[in-house]
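Per-chain numbering from 1; labels A, B, C and D assigned in written order.
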Amino acid sequence: MNRKEMVAMLLAGGEGSRLGNLTKWIAKPAVPFGGKYRIIDFTLSNCSNSGIDTVGVLTQYQPLILHSYLGVGTPWDLNRKRGGLKILPPFVQKEGGRWYKGTANAIYENITFIEQYDPEYVLIISGDHIYKMDYTKMLDSHKKNNADVTISVTPVPWEETSRFGIMNTDENLKIQEFEEKPTNPKSNLASMGVYIFNWHTLKRYLLDNEKKTLSNDFGKDIIPAMLKDHCSLQAYPFEGYWKDVGTIDSLWQANLDLLDDVGLNLHECNWRIRSVEPNMPPQYIGSDAIVRNSMVGEGSTVMGEINHSILFYDVQVNSGSLVEDAIVMPHTKIGKNTTIRRCIIGEGMIIPDGVTIGNKEGPIQLIDQSTNPEQAYNSSAN
Amino acid sequence: MNRKEMVAMLLAGGEGSRLGNLTKWIAKPAVPFGGKYRIIDFTLSNCSNSGIDTVGVLTQYQPLILHSYLGVGTPWDLNRKRGGLKILPPFVQKEGGRWYKGTANAIYENITFIEQYDPEYVLIISGDHIYKMDYTKMLDSHKKNNADVTISVTPVPWEETSRFGIMNTDENLKIQEFEEKPTNPKSNLASMGVYIFNWHTLKRYLLDNEKKTLSNDFGKDIIPAMLKDHCSLQAYPFEGYWKDVGTIDSLWQANLDLLDDVGLNLHECNWRIRSVEPNMPPQYIGSDAIVRNSMVGEGSTVMGEINHSILFYDVQVNSGSLVEDAIVMPHTKIGKNTTIRRCIIGEGMIIPDGVTIGNKEGPIQLIDQSTNPEQAYNSSAN
Amino acid sequence: MNNVLGILHVDEKTQGLHPLTKHRCTASVPFASRYRMIDFMLSSMVNSNIQNIAVFTTLNNRSLLDHLGDGKDWDLDRKQDGLFTFSTNHFKESSNLKALQSAIDYLEKSSQEYVLICLSNLVTNIDFRPLYNQHVKSDADVTVMCTAKEHNDTLFTNIEMDDFQNIMDIDRKQSNMGSLDIYMISKSKLIDLISTHAFKYRYIQDVIRHNMNKNIKVKGFKYEGYVTKINTIKRYYDSSIDLLDPTKFKQLFKDNNEIYTKLKDEPPTTFHNTSSIKNSLIANGCIVEGHVENSILFRGVHVNKGAVIKNSIVMQKCMIGEYAQLDRMILDKEVNVLPNDRFLGTEKKPRVVPKKKTIGTFVI
Amino acid sequence: MNNVLGILHVDEKTQGLHPLTKHRCTASVPFASRYRMIDFMLSSMVNSNIQNIAVFTTLNNRSLLDHLGDGKDWDLDRKQDGLFTFSTNHFKESSNLKALQSAIDYLEKSSQEYVLICLSNLVTNIDFRPLYNQHVKSDADVTVMCTAKEHNDTLFTNIEMDDFQNIMDIDRKQSNMGSLDIYMISKSKLIDLISTHAFKYRYIQDVIRHNMNKNIKVKGFKYEGYVTKINTIKRYYDSSIDLLDPTKFKQLFKDNNEIYTKLKDEPPTTFHNTSSIKNSLIANGCIVEGHVENSILFRGVHVNKGAVIKNSIVMQKCMIGEYAQLDRMILDKEVNVLPNDRFLGTEKKPRVVPKKKTIGTFVI
């Protein structure tokens, strides 16, 4: 009974360096998202909603908040007697300690963990992406195609292909070629970083790769090696919203996508995204407030104008202020007569009265504890 | 309300190399003890029974089983909304990853964790010891004496003083001198590895020590530095059973102490030792069995003779066999007409029919997966 | 305060709150956008560091027990102490003394030396520690918590107290001090009172009142903070709308004394382009496309385009159809308001729509 | 099996088990050293991967609800599905059809397509998956689980089944096949049956029986494993003692199908120098200084020096005084046996001592 057909391994150790100071103290999967959630809630809820009850979460970078957030997985119904959510940080063995060197190496170091469930399949996912996906459907496709590995793919705009790993497939969606960030792509099918492997195949490649290379990465080492050996690699086309929120711009965009009816709806009851609930009093919208096309979390107080923005819980916007096209993270206070446009305001900020922040165009600004107020608060003058 | 008067930091990262193969795959605090428990249950239950609800557990060595065992602390009533049990493994920051270099360094690396509770006192304990202690009484003494640090001490036999850190105190139990494993001890009061520090004092010494030394240890660095600076160091005399189970011999002895009325009683209701319950069917004692002066766990089947021994859960002793002065860990099967004396049998062993294991005197044997059967099973011939 | 055992008796004079109490007891009536009535007293106890709490309920308690669960959301899911619920028939006969008597085993086995008894469904956020401190230092057998009130106000029982906190009189003459029906008492004294008086009296209040000048010494403790008792629909409505006043709101939801409640997974509330909203309290999970003013929305309410809600209380998962209009209404859970119609209550008599009803005219 | 909703109806014909059922329902009677009766069916469901389970109880359910808690120990503490308990008055009038009807909302809202209904307190360890597989593949409306029995045995209702698993007859003539009162049925059919028949019949069994040749097609599924039903003290005693037979013990406690129960923190059992013990089942937390033979000890029993226990069942926290003797006795929880006296039941009539009683003579 301890056997599990499929075990999920969730890569949550990334530093997320392109998110700048947002990830100074927390790992990228723990970055707040969508007015209430953290990024990792999406993959964890996907697992739970897909009926996957065994999830190993690989952590390494600044895990204090992440570990405390995950606990034993209760919010996602992953507090199971057999399996459930287990946090897997790097550790010391008799031979000494080893940090995780890459995505594949993180799995390699936890072969013992996986083997205790004697799984047929291993699902590799990452805590960096925003999407709703039923992994059981992908597993069905994997079984039907008798594949060694199935990789979930989604079409991306041709001009953005150079940011992704691109899959070139035949008409049956067999993967013929894999190009990491190509300059002249032959296809616009990008890997979503969601893999289903036959465990015994993956294990062989992990053991093999561990000896051979230094990078120990799925995209750079394992997949190319399997292609070279003529394994059966299958693409699984995913239809639906998917976004890699690896940069400030894409994080900002994905948040606002919640408001713009582009396929990411949090109000759907049949695929609930779950999170650790903060428990705040109700939100209060004041007599002179204007709130349009926005999400506002509990515990927030709005006295000013909010337009096309996401306010997390426990945010205060005082009278005369305008928040437009902005993301305001929890425990932040915005003073009176302040204007905020096109930016992300970090957790626990206090924005003074009467300032103007953000530009009407150009890259999205991140305002946090390390922001120089003089520079940022005058940026509208540019 | 987030403030905690005292936060406990439990050092559970040790390799326990003197326990040999018992700690090949698990950290020492996770070693099974007392027919059902793991060593760390004692300190965790002490915290919980003392009303301490915030415990950081510092892990590093082979933590897979330990992490999974601890979870969020539910078995010890430490699954609290504020505080509770938090696992603190080493981690990677912007500047890279650092393993814990010593007991004091492990605390140093988690200053951020401690500071979020803004505590007045920090209790430093270790997951290696078997004892029942009310830490609030020690805190009362610490406050009464206005000490910078209070160290719990217990008298040890004079001939064993060279294994311990020995405290030389004046008549008011002020510590005058600290000798690590002295050859000519002036006192037989040994440190139990239980410290209560004023947090602001400890923090200063941690920051200071981090720059100065390489060993980063309480006994070697922090306490001597505080003595040198004429801080107020107070000894707190503990009366009751206390044992460091750092060797196979002492682990064996401490287990058998449960049977011999020397102050360690697990049936006491007012200081319950809690653990993760394994859920096994009742134990079955057969028609020809003899069970005397022993502890037997649920799920075990006894058809032979058990004398002065500890049988964990799910242990099978077949007919004609004798188990005497032995500790048999979970999921172990002992065949027919086998004799086992003065040893520790590791988890999940299968001991064949008709062999004889263990000596009537000399050091205690550990029988586990890596034991050479030919050698061990003939040892009675010596 | 780990030396105090908390007892929460659910007040069962529920007629005044009908029909909100048709399928639930008063303690589980939804209040303040995302709470149930019991959350306020229960959280007050937890925040005062009371760790062993018994809730006495009647048989109409399915909704309440479901809300409380194993006490996890109040941090009361413990192996030692924690939350205990007692369902008693005795209590249906409204004798709280009999109910206490049936739980005498539990009282005796508990490790605490004092008992805090709360007999009323109050909306408040009290720190009980000052009450405890006064009681322990004083020579009183019982300390009763009081609040200032209007002389002729009958919401709280009249209490007469002298300058040394001695209670001179209970419930005889009008007074500007009222009893909150919150009592601090030593456990041994309580057990003593129960066993001596359970056959003579029905209410612990009466035992205290009638014996106070004989063998029970009673003192008072004046509570200065915000407190209200909800026993009629009118008071329910007024106390709810009161919370739109930021001063009162802040008194109830103090920063450091969180009010706990059962947590649900709901996304933040979404406001559409067509929404306008003024002076309202709103829980998570709502979708607002219409106009909401001076109102309280609970979780998962959907206000469709053109709908207008004013001065109303709309509970969980109500659906307000397009261009429907509500004024001075209380909608219980899952009410479905069909489009285009208008529903009005009056200031004196807000109108209540029972749970799961559909109101309005079907137009084909 | 995540497509199956489990319904556990607690059998309320409890007279036969008196006095063990004086303060508890049959489902929460302690059994087999560390379990309660309900653990066996509940664990069977969980091990068959049924994840949405409703337990219908009567009002005498405090001990049962306390045992079940939030379902954590059965891995049923879930946000989606998990364990639900229904306390119904209807059921006290022993109409399980009314009880089902009162929960029709829950049935309709659940996502599962099939329902497994268990109406009896069985001690068994069943994998329901083969039953489900046969039911889904067959054209039956209802599949009833059966077991082989003696021709004239009346413990289980007589069932006549042909070679194609068609049920020909229920409860009319003697048969060597008996119904376990376990039914697999599609949810839509069940809802249909309830709404059509709830006013005519009292029991779902009767609905099936009386309509089986009309509009309900019924098949059978023969279960080959160990199963017993406990409805009298004699059967309780015999079934308990039966477990001392290792073959039966192993059938009930299969390696891979764990029987879950509420977990308690008890140390391993301690045997002293003066103890002797033969052919017995023993839970954790006992202290044994005397002699125990052919007996079953529950958690935390203390057998003092010189005491002799034979052929007896001793429940949680009993204290057996020095040199006391017990033979063919059933001691309910927390019974205190004073030293030196002798207490005997007979093979035909084991003697039961009710909960918390003290027995024996005080000698000064």
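Throughout what follows, a residue touches a chain if its C-beta (ideal position, glycine included) is under 8 Å from a C-beta of that chain, and two chains touch if they have at least 3 such contacts.
By chain, UniProt protein names: A, B = Glucose-1-phosphate adenylyltransferase; C, D = Glucose-1-phosphate adenylyltransferase subunit GlgD.
Note that the coordinates shown come from a computational prediction; the quantities given were computed from them, not determined experimentally.
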Higher-contact pair (C-beta pairs counted), B-D versus A-D: B-D
Chain whose Cα centroid lies at the greatest distance from that of subunit C: B
Distance between chain centroids, defined by C-alpha means - subunit A, subunit B (Å): 39
Whole-Å separation of chain centres (CA-atom averages), subunit A against subunit D: 47
Subunit B: positions in contact with at least two other chains: 274
Numbers and ranges of subunit C residues touching at least 2 other chains: 79, 258, 265
Subunit D residues within the subunit A interface of the complex: 2, 47, 75, 77-80, 256-258
Subunit B to subunit D touching residues, read off their complex: 34-36, 75, 258-259, 266-267, 272-275, 277, 279, 281-298, 306, 310-313
Residue ranges of subunit A touching subunit B (in the complex, touch as defined): 13, 15, 24, 59-64, 67-68, 71-72, 74, 86-94, 97, 99, 112-113
Contact footprint of subunit D on subunit C as seen in their complex: 62, 69-70, 72, 79, 87, 265
Subunit B - residues contacting subunit C, complex: 1, 51, 77, 79-82, 274
